[in-house]
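Next come two complexes, and both contain chain A; in the first it sits with chain B, in the second with chain C.
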Partner chain A sequence: MQTLIIVAHPEVDNSPTQQFLQASLPVTNNDAVTWHDLNAIFTETGWQRETELALLKKAERIIWQFPLYWYSAPAILKQWQDAIFTGEVSQYEFLAGKELGLVVSVGERLTSYQAGAREQFTLSEILRPYQAFAQKLDWRYLPPLVIEQFGYLTEPAKQQLLIDYQQFLTLAQPATFAQKGQWLLAQLQQVTTNAKLTQETLTLVQEQLMTQLADYQELQSQLQEIRRGEHD
Partner chain B sequence: MQTLIIVAHPEVDNSPTQQFLQASLPVTNNDAVTWHDLNAIFTETGWQRETELALLKKAERIIWQFPLYWYSAPAILKQWQDAIFTGEVSQYEFLAGKELGLVVSVGERLTSYQAGAREQFTLSEILRPYQAFAQKLDWRYLPPLVIEQFGYLTEPAKQQLLIDYQQFLTLAQPATFAQKGQWLLAQLQQVTTNAKLTQETLTLVQEQLMTQLADYQELQSQLQEIRRGEHD
Partner chain C sequence: MATDDWLTTTLTKLAQQSTTYQDRALLIQTAKYAAALAQRIEQNEGELDGRIWNHEQW
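Let's turn to the complex of A and B:
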């Protein structure tokens, strides 16, 4: 699957979150994942509209990756949207069927985003304009990957984020339990020839895999028990 | 009341809607209404943050006026938001208690903005990021003034829009029936010395006023009937 990550951040180089995500990109043999920093390629005349549209066309999954500033992406994403998607919506029919996945980092706790809490509104509500965009273009809107208070993440939590992020970029979404397990197995195989994944990652992947497999087997035997009960 | 109209449109001069709204500004003796075109005052170095904050401080009602592009304002509004409201939210406590009123023009029919219809989501949902901003800064979010398909408006509908717009800028919101009536009366008085309102507007205002007064009297007498019935 071809994934295009459109990064909307005013200063990717100075953002620990973006730096972490960039370092966490999965290693692929066929340029299956493209990192596309809107700020880096912005010139005085804006973006090359045809180039951008061609990139979108090539991708199956389009990621919009940004920190939440005032309940939406930094302005550069909207600049890009307004500049690339001009005129009649029907022009963009050739992009129908894409997937749109948001990778959103937030400075607040996730529990703040609910009625009665600090932010009052859920992230589903706050991100509605992006969902509406996807709906309008006949793109499939994926459940966003939300990164909560990156600065406070522990190392194990960061390692988990690395896995979640790689899966969000490359796995069928929403991923089933079996798909996540298969993905982990494939990672393990790749790791033997790939220096980019660290020893810690390898250990974590192995632990996760073993836990998941144990859970899976437990679930399977419970299911058998239930079925046996049904036929008694 | 001091009202600051923050206009977020890439080309105000080429927008029939914005031109109409600009021509519809109420005439006030004390600069009570300020037209503030973000694009016109944008320079290479952006905006003067202190100047913008001072303008906001002076205003009691702040209007964000824009066409809906891809389910939010044109990028320039977010650029301005991100540039002016930097850093900790607590810095902006001196602006608490402002009113935020959106004047939003849409190219679709209003009935499109509902579950099952073309746009799927209500405007209340789509505009949630602005409501969340107001909530965060302790500003009162007013029910937006939505301008539906301006290009198709008939002359009487435009005249009605003029009145709605002027009331949205200057009247307590949401306005009661009595307040709207009083506003119309005040307009009628002003019109005798004010050349800016045209004869058609005058006639319309008079007609509206008479209809409203008739409605009001009808309502009053119905109310009396009901009360009489209650005491029988």
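Let's turn to the complex of A and C:
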């Protein structure tokens, strides 16, 4: 799958969150993921509209990645949107069927985004304009990946974020528990071995995981069959 | 040691021996996944037993 990450941040180099995400890009099969920093390619004449549209056309999943500033993306995303998507909506029918996934970092805790809490509104409400855009262009809006208070993340939470992010970029959505396992299994094949981390152990681990996944899927299908056969 | 314990323990050990950040994250997350998978298998086996022996369906 081809994924285009449109990064809308005024200073990617000075953002620990964006730096972390950039370092988290999949190292293998990385031609399938394109990092596109809107600020870096902005010139006096703006963006090359045809180039941008060609990039969008090539991608199956489009990511808009940004920090939440005053309940919206930084201005550069809106500027890009207005510059690229000009005129009649029907012009963009050739892009129908894309997926739009938002990667949003927030400085507040996620629990603040609910009725009665500090921010009062949910992120689904705040991010609605992006969903509306996707709807208008006949793109499939994915459940956003929200990064909560990156600066306070513990090491295990960062490791979790790295994998969540890679899955958000490359895994079919929505993914079942078993599909996530298959994805992990595929990634294990790319792990770099060394004197201690031997290929032999790694292969054993993969075989074991594969067996357990097969057992799980078999159990799931047996259960489904039994549930279907039962009456109320 | 049960096989699922072996899987989780081995993955955690491999993560400690890994030299790259991405690999370490992958191995740790796979260890967590393996633990969740083992739990689901156990729950599914329990559910399967329960449904097979459900006398109301005989």
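Everything below uses one rule, namely that the second predicted complex is superposed on the first by the 189 of 232 C-alpha atoms of A that agree within 3 Å, B and C clash if a C-alpha of one lies under 4 Å from a C-alpha of the other, contacts with A are read in each partner's own complex, and residues count from 1 in each chain.
Assume contacts are C-beta pairs under 8 Å (C-beta built on N, C-alpha and C of every residue); 3 or more make two chains touch, one makes a residue touch a chain.
Please read all numbers here as calculations on a predicted model, not as lab measurements.
*Asks:* Of the two partner chains, chain B (first) and chain C (second), which one does A:226 touch, if any: first, second, both, or neither?
*Replies:* Second partner only, chain C.
*Asks:* So, does A:208 touch the first partner chain B, the second partner chain C, both, or neither?
*Replies:* second
*Asks:* Can A:133 be said to touch chain B (first), chain C (second), both, or neither?
*Replies:* Only chain B is touched by A:133; chain C is not.
*Asks:* In the superposed model, does chain B or chain C contact more residues of chain A?
*Replies:* Greater contact footprint in residues on chain A: C.
*Asks:* Give one of first, second, both or neither to describe whether A:42 is in contact with chain B, with chain C, with both, or with none.
*Replies:* A:42: touches no partner chain.
*Asks:* Tell me which partner A:141 touches in the superposition: chain B (first), chain C (second), both or neither.
*Replies:* A:141 sits against neither chain B nor chain C.
*Asks:* Sort out for me which residues of chain C touch chain A in the complex.
*Replies:* Within the complex, chain C touches chain A at residues 3-4, 6-7, 10-11, 14, 17-30, 33-34, 36-38, 40-41, 44-45, 47-48, 51-52, 54, 57.
*Asks:* Sort out for me which residues of chain A touch chain C in the complex.
*Replies:* Going through chain A, the ones touching chain C are 23-24, 27, 156, 158-160, 162-163, 177, 180-181, 184, 187-188, 191-192, 194, 196-197, 201-202, 204-205, 208-209, 212-213, 215-216, 219-220, 222-223, 226-227, 230-231.
*Asks:* Would you mind writing out the residues of chain B in touch with chain A in their complex?
*Replies:* 10, 69-76, 78-79, 81-82, 85, 119-121, 125-126, 128-133, 135-136
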